[in-house]
Amino acid sequence: MTPLTRRDVLFGLGGGIAGTLLSPLPWTVLDDVAIWTQHRRALPIPRDGETSVRPVACTSCPAGCSLRVRSVAGRPVFVSGEASHPLGGGACPFGLTLHHLAHHPLRLTTPVRLDAHGTPTRVALGAAVAAAAGALRAASRSGRAVLVLDQRPGRAVSRAFRELLAAVPYGLYATPDGEGATLQVLSGAAGGPLGIDLEHTRTLLSFGAPVLEGWGRPGRMLALRDRLRIVQLDAWRSPTAGLADEWLAIRPGSEGPLALALANVLVGEGLARTPAAELRDLLASFPPERVEPLAGLPASAIETLARSLAAQGPTVAIGGGDPGGGPLPLDAERAIAWLDVVLGSVGRAGGLVARGSLPDDGTAPLAPETSLAEVPDGDVRLLVIAAGDSGRALPWSALGRKLAPQALVVSLSPFRCGLTARADLVVPSPAPLEGHEEILPTADACVMSYAVTAPLLPPCAESVEPTRFLAELARAAGLGVPSDGTHAERLQRRAAAIFASHRGRVLVRGDEGFREEAPADAGAFWQALLEGGCWVDDSRAARAVAAPALPSPAAVAGWLRAEPARSDLPLVSFAARGAAGGTPPSPILTKLYQETALRPSVATIALHPQTARERGLVDGREMRVVSAAGRLDARLRCDPTLPPGRAAMAAGPDPAALHEQDAAPARGALALGVVEPDLTWRGTRVAITEA
Amino acid sequence: MNRRSLAAFATGLAGALAAGWLAFPRWLYVSADQPLPFNHRLHTSDATGFACTDCHAIRADGEFAGIPSMATCATCHAEPVGTTAGEKRLVEEFVRPGREIPWRVYSRQPDNVRFPHAAHVQGAQLACESCHGAHGTRETLVAFQEDRLSGYARGLITMDRCESCHRETGRGPLACIGCHR
Amino acid sequence: MKSPESNVRARYGMVVDLDRCNGCGACVVACAVENNVPPANGRATERTGISWLNVQRLEGAGGRAAFLPMMCQQCDTRTPCASVCPQNAVELDRSSGIVGQVPVRCLGCRYCMVACPYHARYFNWWDPQWPGTIAETLNPAVSTRTRGVVEKCNFCIQRLQAARTRHAATGGDPAVAPDYTPACVEACPAGALVFGDLGDPQSEVSQLAQSPESFRLLERLGTGAKVHYRTRRPWVRQAVADAPAPTDGRTHV
Amino acid sequence: MSERLDEGLTPRGLPRAPLRRFVLWLVPWTALLGVGLYAGYRCLAYGLNETNLDNRFAFGLWIYLDLTVIALGAGAFFTGLLLYVLRKRELKAVINSAVVLGFICYSGAVAILMIDVGQPLRAWFTFWHPNVHSMLTEVTFCLTCYLVVLAFEYLPIVLRNRKLSRLPSLLLFEHQLHKLMVVFALVGAFLSFFHQGSLGGLYGVLQGRPFAFREALAVWPSTFFLFILSAAAAGPSFVLATTWIASKLSSRALVRPEVYELLGRVSGRLLVLYVLLKSVDTLVWLNHTSPQLGIHPARFYAFDPFGTWVLFAEIVALGLLPALVLTSARWRRDPRFLVPAAFLACAGVALNRFIMTVQTLALPTLPFDPFLTYLPSWQETMSFLGVVAYGVVLYSLSFRYLNLFPQERELLASEEVTHVPLVA
């Protein structure tokens, strides 16, 4: 055997290369490596399966939009609005992410105790109930109040709360002021709920209510948009102001005097019915020239507007405030209510009309409904924050001031955020899509309606229906009520009462939209509701409206007092409905609040360029913003659409809170809000300096 | 070129061919057993009389339901049918505890590929066998071989075959997004 | 039966009614949910985020605002992005008129992003992450994307595929998709988005597209975009049709 | 450390700086290279969020760097073309240096490109599934092939090292390779023409970016030809400039003055042609192409800082001015004019690449777009500087251990200078 020469090696190598190229090796390797580079090992690959579509109700705010959820293999993957729903279709970005909430990082699945930093420690349900019962007994002993804050009154569970509170010596059932505040002022006088006959309204005069952004049932407004003339009186160019037929930029806090000035013109020019003598006297103090500097509007503009309201009637004037800015002061609402009275809008078609109520479905005595503002400060020994979201901001200090020393705060929310973050105990109710939900009419609705949706997902094992919590609390505290019965049974009882009343129509959800149907019995009615149907009352209640209360003399004097020149700026706080409430935003909402410029982020404070220039502040720089209630850092955003002499800041949501869960410092206008005794925070003023 | 060089070349060629055709596949593919034996022939025989689509159904929306869930098996196999060890294990390990059988799927495609069975079976009238082979007549399951690099089964249909068929028949999409997503 | 490549040639397009859009952002969110677009990374900004569809605000006199949903304009005659991709990850699908993007083929060179005048393409600057267990809600009809690749709106191609399959299952032509609607169109509560086949002269979308109130963005670039916009408000038309103005737009001090 | 530990490695008979001084010279550059490598690692490991690039500024400092170094690296192909094909024998004096520079530029560019793409593991798909209509495909193919060619051109220079050339088989290999140099030069020239052009085409085809878009001649936009021409013009200037720097740093003449002059002359004449064609192209673009796309050309220069001064700087100050100097035989003879003119020519091509990359992306396209700014992150900047440091290190090593300038020895003999080289 001769040794291998270089030549042999080269030829052998050549043969090897040729052979390799003729074998599958290189080609398979290339193909496989190509597939290998396409692997996404760290990424979730969702499981495929059968698709189903089910109707649900949105729980992010009281609008209760009807939604359709598409599930694959039992997992919800897509949510859309039920466009043809008889109560109004549509959905907002918050509703479209409803299916994320059960999976949200802030979701609580077991009862927990929260420490001062909001860090949760798991507790047994029995221990939580015992603690709450102890506080309830202590309250009874010491004559302190047991307060339930219900941000979505009118539900079956609301009734259970009121039954319990009626059995407690000093039980208070409170609801925060909301977008129906003007109507509430008038309903107080009417002795029953009122709604707006928007279908026949010609002009809607909104004192800062976000009527085109998320107000009432959005679907109803969208359907009426082309027929309705919207005049927006707003301190900033809100989304509604930008889309309205007319936007008058007013000074913050001037809603009350402006409403009176409009009434003054109407009465003075004989365009409206002549009011009672005491109102005439009041109106005399608010001629347009007097209000001009208060509202920052020329007197001529006020006069022109007043004339157009009369000429293009029926006109409805509404207040109610912004979900992030909080309610208007009661006296401002009274002034707006009086404007409605002067316009003759109360009780007429296209105006404010009476709405029926749901038939009674129980006999147990109920604690009366009170406004949260009326609850005395420092008097509450046990506070229960009911699950259910108004979609509106409520600063903690509005509640905190009501608490007595050693008060216990129990929240029934499934999310560790908003007010719940300040609770001592959380007994989480089922997350959205995990329980039966009711759809009740919104504040603007002029017809009563009712709908129920069935759970789409099984509730997690340790979530507790509020009804069950109440039953256990009553048992532990030795109270007889609320009567037993699960949440679903209570809803069924309600449905049975509606069916028994023989009022209204039943609309059933079918493949080709909704159609009217007469269910054979209460069971069939319940089934139709669960399958996406709804009940709509047919009769509008007829009710005479007495005169609402006049704005208080103190408030009137305050409006007329000349404001001294100040260096700090009024803060306009705002948020979309559902953005600053007790339901956390889905992380996907970063698409609107972080990844695009569509919505201002809580991390910025807006000033008119001229206001910024006067103060030597530079666009885009970090600012230190200080109010009497707090301080925070925010980036300056010069916005030429914001009128000079004020600052504007979002109250929520804060998508960054999702990235830095542990110790995220509070951002946004709510951290700055100075809450007045009437629980408004619209008077907040801020000083801005470069950080 | 002399004879010696030729021999060297031939040796190299032969070695590489052997490596490429014989050794390489041995290294590349890892065999794995199916969790249970399954006799397709028995199920599709005249006595039982199932068609492929009785178990591997196409749903109303045209999507393929894939390998049937355990519930489908349980309709017949709630109790052991016969006395084989596999039958016993099926009932004890899967049917009674309600566990899904972790079958290894020969035709699992990457998740960015979409294969609409309705368009091929109902639209183009292709027989199941034309892609899946004569699975339905086998008494035992073929050994499952996983490609170490790609992570998919050996012999998985690749895009070349999709494309050539779509091109030849003039039917079916040729654009990427016709099938990829 | 017809072949999708030879005879069936839809040209899917959209008409966006700028007078109906109220800038609510439902389309933006629905798009992200349907297409498994991950939530923002903590450091993401307007310029590094991923939002296949975003809504631009147009400013008019007196504080008036209009909103303009921007997605891939699905260029037709001259697709600036498809011709520049070095490895065929982008192409115009002749059977649907959709400009398809295949992220698993993409190497992330971003040349297509440079080429696109509508800025409708998005790069995955971060590894996608879904907080909590939100990954449970991902849509199996859409493949998730890894870091380092480009993605964009493809008119919810998975919905077209599913619609074609549904049609095939009922005995129809697998190349035809009668009930095909992208997620944004389904989600829009204002009915501002009208979708359909521009090639079908009877369709609502092609009739709207031909009305004098309709126009396309950067019409003169000759991209043949299949997304049309319409408005009856002259100032909106002015704001969209004008050439870029030489001011920053953001700096006012 | 002994004075000359590496005596056996440096070219015979050529004075080199003491090893200690050479090492001291390399230390900061190696450190910079290290930081650059770390920055590059970060971008690969954590993703491109380490950069300040974004969806709107999708190309940035890196692409600018690639375009510029590839344009300057054109010196390699063009010198090779002149020497081997057009038989400009004088250029034998700089060809080795030009090849090393070319290799540095191209390998640096490819390295940066691999960091710049989001999925480097999939970069080879371009070869597996190429889109033949894309300019980038052309660039990728030519760039990779040309890098291989450059490696083969570089190899003989390395093999002629004093120590390596003692191995007979390597010497033989070197000899064989050397015989192929004409072929390499031709292939290199062909590939270079194409990818320099394709790099220009990269921008010229962007019909969505009216600032960059140019009308096509045959199938290529005019930038295709302008990029070839500007690279060919700047390449010799870059060889001239680097040779001058090397000569200054080693305190000794490396090539005869005629070589400088020849490089200057070639560069100057091409630059004249380039400036002429660029002016015509600019006029056509401003008066015909962009109005047709619905854009008033004044818009392009309406956003600060990109005023019309950009046009002036690019075409006159950094184009016409060096062109005039380099074409004038009298000025060319004077190094005080020649060398600055060469630097200006290089700066001109760099400015052109900067404008094509950055201004194109900064300008708005939609009516409601803002003008955009972008500042590279430290990771981008450091990997950019890392490439510069890599170039300096590799060039220094090559200069010290390989004979880059064949005339060095004869010039040394004639001048009888004995001063010690400054650094290398």
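All chains are identified by letter, namely A, B, C and D, in their written order; residue positions are counted from 1 within each chain.
By our rule, a residue touches a chain if its C-beta (ideal position, glycine included) is under 8 Å from a C-beta of that chain, and two chains touch if they have at least 3 such contacts.
These figures come from a predicted structure and were not determined experimentally.
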Those chains which touch chain C and also touch chain A: B, D
More contacts between chains, B-C or C-D: C-D
Identifier of the chain whose CA centre is least distant from the whole-structure CA centre: C
Distance from chain D to chain C - Cα centre to Cα centre, in angstrom: 40
Inter-chain centre distance, chain A versus chain B - centres from mean C-alpha coordinates, in Å: 52
Centroid spacing, where centroids are CA-atom means, of chain B and chain C in whole angstrom: 37
Where chain A touches two or more other chains, by residue: 38, 45, 48
Chain D residues counted as touching two or more neighbouring chains: 119, 122, 125, 128
Multi-chain contact sites of chain C, meaning residues that touch two or more partners: 41, 45, 49, 56, 88, 104-105, 127, 140-141, 143, 146, 250
Chain-chain contacts as defined at top: A-B, A-C, A-D, B-C, C-D
Residues of chain C defined as touching chain B within the complex: 1, 3-6, 88-89, 91-96, 98, 100-105, 140-143, 154, 157-158, 161-162, 164-171, 173-175
List of chain B residues in touch with chain C within their complex: 58-63, 110-112, 114, 116, 118-119, 122-124, 166, 169-181
Chain A residues touching chain D - in the complex, by the definition given at the top: 30, 34, 37-38
Of all residues in chain A, those that touch chain B in their complex: 7-9, 11-20, 22-25, 28-29, 31-33, 35-36, 38-39, 45, 48, 50-51
Complex interface listing, chain B residues touching chain A: 4-6, 8-17, 19-21, 24-25, 28, 59, 61, 63, 65, 110-112, 147, 149-152, 158
